[in-house]
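Chain IDs A, B, C and D follow the sequence of writing; residue 1 opens each chain.
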Amino acid sequence: MTLRVGVIGTGMIGRDHTRRLQQVLAGAQVVALSDYSPDAARAVGADLAPDAKIYDKGEDLIAASDVDAVLVCSTGATHEAYVLAAIAAGKPCFCEKPLATTADGAKRIVDAEVAHGKRLVQVGFMRRYDAGYVALKSAVDTHTGAPLMVHAAHRNPAVPEQYVTPMAIHDTFVHEIDVFRWLLDDDYVSARVTFPRATSASHAALRDPQIVTLTTAKGVVITTEIFVNCKYGYDIQCQVVGEEGTANLPEPQAITMRLGAKLQNDIMTDWKERFVASYDVELQDFIKAATAGTAAGPSAWDGYMAAVTCDACVTAQDADGAAVTITNPARPALYS
Amino acid sequence: MTLRVGVIGTGMIGRDHTRRLQQVLAGAQVVALSDYSPDAARAVGADLAPDAKIYDKGEDLIAASDVDAVLVCSTGATHEAYVLAAIAAGKPCFCEKPLATTADGAKRIVDAEVAHGKRLVQVGFMRRYDAGYVALKSAVDTHTGAPLMVHAAHRNPAVPEQYVTPMAIHDTFVHEIDVFRWLLDDDYVSARVTFPRATSASHAALRDPQIVTLTTAKGVVITTEIFVNCKYGYDIQCQVVGEEGTANLPEPQAITMRLGAKLQNDIMTDWKERFVASYDVELQDFIKAATAGTAAGPSAWDGYMAAVTCDACVTAQDADGAAVTITNPARPALYS
Amino acid sequence: MTLRVGVIGTGMIGRDHTRRLQQVLAGAQVVALSDYSPDAARAVGADLAPDAKIYDKGEDLIAASDVDAVLVCSTGATHEAYVLAAIAAGKPCFCEKPLATTADGAKRIVDAEVAHGKRLVQVGFMRRYDAGYVALKSAVDTHTGAPLMVHAAHRNPAVPEQYVTPMAIHDTFVHEIDVFRWLLDDDYVSARVTFPRATSASHAALRDPQIVTLTTAKGVVITTEIFVNCKYGYDIQCQVVGEEGTANLPEPQAITMRLGAKLQNDIMTDWKERFVASYDVELQDFIKAATAGTAAGPSAWDGYMAAVTCDACVTAQDADGAAVTITNPARPALYS
Amino acid sequence: MTLRVGVIGTGMIGRDHTRRLQQVLAGAQVVALSDYSPDAARAVGADLAPDAKIYDKGEDLIAASDVDAVLVCSTGATHEAYVLAAIAAGKPCFCEKPLATTADGAKRIVDAEVAHGKRLVQVGFMRRYDAGYVALKSAVDTHTGAPLMVHAAHRNPAVPEQYVTPMAIHDTFVHEIDVFRWLLDDDYVSARVTFPRATSASHAALRDPQIVTLTTAKGVVITTEIFVNCKYGYDIQCQVVGEEGTANLPEPQAITMRLGAKLQNDIMTDWKERFVASYDVELQDFIKAATAGTAAGPSAWDGYMAAVTCDACVTAQDADGAAVTITNPARPALYS
């Protein structure tokens, strides 16, 4: 049985997911495309899915009787409405991050899904599908004992002028927020932000680097360096310290060379390469669950918790080093 | 357009490739299955390809009008006949190694394909599709200068009693034979085998370890340790030494842990895990080429050259350390 | 010319330094020994320095006309008086840490040395002489750009019951305090202590692990995990993050083995091994400067600044995560 | 008690050993210097050992009643005569490699020492004192099981025009010859040399690289790449493969940096840095044994065996890939 998928939003990521469904993964077929620019949707269709029907409105795509499941890849501000529509239609829905642009919006999706009574939504937190994080979680669950601390870094070579201080949370650190909740199976209770000496490579509206300290309900302290103008490369580091020992996220595979008096490996500079393989696994998981009429992986609740935590971190950016409390609402049974 | 594939041989690898085509890769569908035990074929069909037709004879599967391409996964002794039949039928054919059990048999396939005038055969040398070897080839082509030497090791934790000395060539070293021809874009001119002190973990009919030295037409000397009772793990090592520097095949990704006074990574012990991802890429390549009516990747010529080289290495095992000359026949234009 | 040295305190470290001067290093000779237990001094003399005179009182040793320089290796509470006596006698003096048990005591030594007008005191912060830290400082000074952050860890497998929370600062973290001031050529302006979930391997009077955050005058944020019941080994980690890149303290040299399905290196478990080579270099430096009538390396000022910083960190341990300000007195010209 | 040492030959290494004895190590004093250029000896004396007496003839230095022990650091052709003179005088003698320029010459020294009845000679094979090789030997003796193979490389960035093919054995590989005999506690029975494609960085009188294969009495096969124009650095690699696993010689300590899209360590380019610390340990061992009137470490027998093995390897360079037998004379009891 082939899952008939409609894709809303045919920009970079929407186009890439269409290619993935058409040319890489088994079990799905893109039968419908929509974009705020119908020409863009038509162009992607012509390239990758010639039989797909083009819809002017995402809502019509969602409602189409031959669409079994929906991918929401449009701009963030439109996510909430599309996801709510998919839930209303009872159709499995993969939504790129953010689930909604506000915690309240994410909460409305959670409420709708809970009312529906069955999971339909998967949020695009792809790191949970990265082979390195999956292996790290296994090591933490089986070898290193009760987790006590996490030391992490999220580094990017450079960002443009329009990238301002809060974006380090919403666009960058949000990945750590989700993946560490999953890795530790824990919730956050406080956030603190510290600003070291700024790099001269940053600009006026961006304090860079910053160090975010999250504390979990179980007391784990997670210290993450966010450094988006680090110059040298795109680099994601993570060490979990448990009662018995430590485990590190592996480096991406690279060729070790001895050249010119240096023992050397390349470091990636483009974030798009770092987790590229995990997108395949993520959508594979979506296809499998959606074919059974439900959703797996990162849930609407996870999207909501990420939004709540982001808000606390942004508040903490202006709290002069003080800890900001994070209040966790009761978790509905659907997500237990 | 979906490629309609028939699979001959539904043992371990045939079953796994069927799963791959049905559940993992895009663009193909298994429509026919055959095995010397029709019940085995039926069982695989029931599990993985319920719509596939079961054939008692592989020849009939190859001839079936709704089969576009063939996978030969049966026992080695049957490969030659099936591949020749596929060529005769003008159908793309993926053949697990060995292409034939003798160099003469492989030569007959080459002759048939040359007579046909177009490539139809891909041999299952999956290492060429391993991300590590692909990256190594890129490093060698662009950074380390003219290759002069390769230092390699092929280690396996243990082998059963029926594994005898020549199998270290035909079943084990054959992978290095093919992948180094490809990596260096070169041909072999001589082989030498040396036997170090034998491990006490081996048995009477197996001299283990052994060191095979291949010399190429360009003069590159490749020294490979073959050690199939090394106890500690399945481990494939390779360093290319060029005029400008060296490049190493990367280690498989693993979690580095600090535990019990040791900094440690797991090493694999099961060969089936080591190149598992490359099977996906290999078949993807086959689907793509076969959909266009031809074949890519390791060719019948490569399979023939591997057979010729294996024969020389086995001769060298009995030559008391002397070098055995490898004569390379002229390469047909089809494979240039 | 051979430097004639008197050693006060012949316990573990005093005995070891006596051996070093007598049997390992060039240019010095131990001519006098003293201990609160004269029998202990005699025993060390008999073993290692048979010609050394035994003094009942350290003050008499310092005053002896044939003693050119003094090593203070006695219990911490006695350091201040002996060092002041050495300054009064105008003799170069190597003092094991702490320089004094209080910041005020260290200040009195600074004042005495400043009044004397020439450096005579070297404090036993041996890490500055470790080849790894020396190479790290060189990398930071020349390659990684302006330092912005330091991520560090000081881990010890286990501590006894009498080790209580403040000792994590005075006995353990004091080494990081000194070595990072030197590494960054900077002063501290604030300290914060956070307590993650405690390890079950600790005991009632010790909160373990703890995370100390120091901020420097230039704005560098140094985050150090102190974990003295980490079980797995004695492990000192440090990464400096600068505007251009990062540099790591090297791991101690170890043999990489492939054994039993693990790629593995030993990790030390005994702190005494980790910096053992640096004691030789440290005393070599003392001999050289003392032979010229002065002192080099970590100064009384460095010892004082370490004491001031330790006090702030201990205060911060009880400040519930708030930052504690560190006030730096004006640096006398002698130490500029 | 201070050992009174006379140094013959005050070129680069003689000067450096004089500095070592005078300024670094305990227990020795340079009281006599000699060089074929007395002015050179006087200059070294003025710099490093002002009280040393200058001798025009090394024989007179050896005979001097206030000289307890001798260092032979003169040009290789003079070693045999000086060492024989030291033995005749009954004085401990440290001789830089080679012990003699011919195997016969080395044999005469062995015979003289055996006739004397006590070890007096230490040969300057410093690698046995390198911390990395010492740790490797310990790992091999205790963890990796019976040794079966060694894979090694000796690489140097570039050599001058006067460096010709046999020098790759006598000046370069001789270090591996000695250190592997010691590491494996074994003797060589055959040598084979293979020449891969030559690097374009070499010159007419030097075939570079070359691969030397030594087989030991116990059957261990040692494959060593010698590549003296490898361009990228001075690099000594060694992996021992035993029945239970493998152990590698550690890389020299280096700072890992992340800079400019590369994870990188410096590799040394100057061979003089690689084993610099081992010279200290080597001479410390000489001082200790010589003070007791004898010698330890690499013996005259080891020097003789190295010479015999070098001769076989040079013969093998012209044997077109054939193995050359190495005949081991009976080992005198003095060296058992």
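Please note the rule applied: a contact is a pair of C-beta atoms (placed from the backbone, for glycine too) under 8 Å apart; a residue touches a chain by one contact, two chains touch by 3 or more.
Just so we're on the same page, UniProt names per chain: A, B, C, D = Inositol 2-dehydrogenase.
Just so we're clear, the structure is a prediction, and the values are computed from it rather than from any experiment.
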Where centres are the averaged C-alpha coordinates, which chain has the largest centre distance to chain B?
C
C-D or A-D, whichever has more C-beta pairs in contact
C-D
When the C-alpha atoms of chain C and chain D are each averaged to a single point, how far apart are the two points in Å?
38
If you average the Cα atoms of chain A and of chain D to get two centres, how far apart are those centres in Å?
59
Give me the residue numbers in chain B that touch at least two other chains, ranges are fine.
231-232, 244-246, 254, 258-260
List the residues on chain B that touch chain C in their complex, please.
157, 231-233, 235, 251, 254, 258-269
Please output the residues of chain B touching chain A within their complex, sorted ascending.
21-27, 131-132, 135-136, 138-139, 143-144, 244-250, 253-260, 284
Going by the contact rule at the top, pick out the chain A residues touching chain C in the complex.
146-149, 151, 153, 192, 194, 196-201, 209, 211, 213, 215, 218-221, 223, 225, 227, 230-232, 241, 243-246, 321, 323
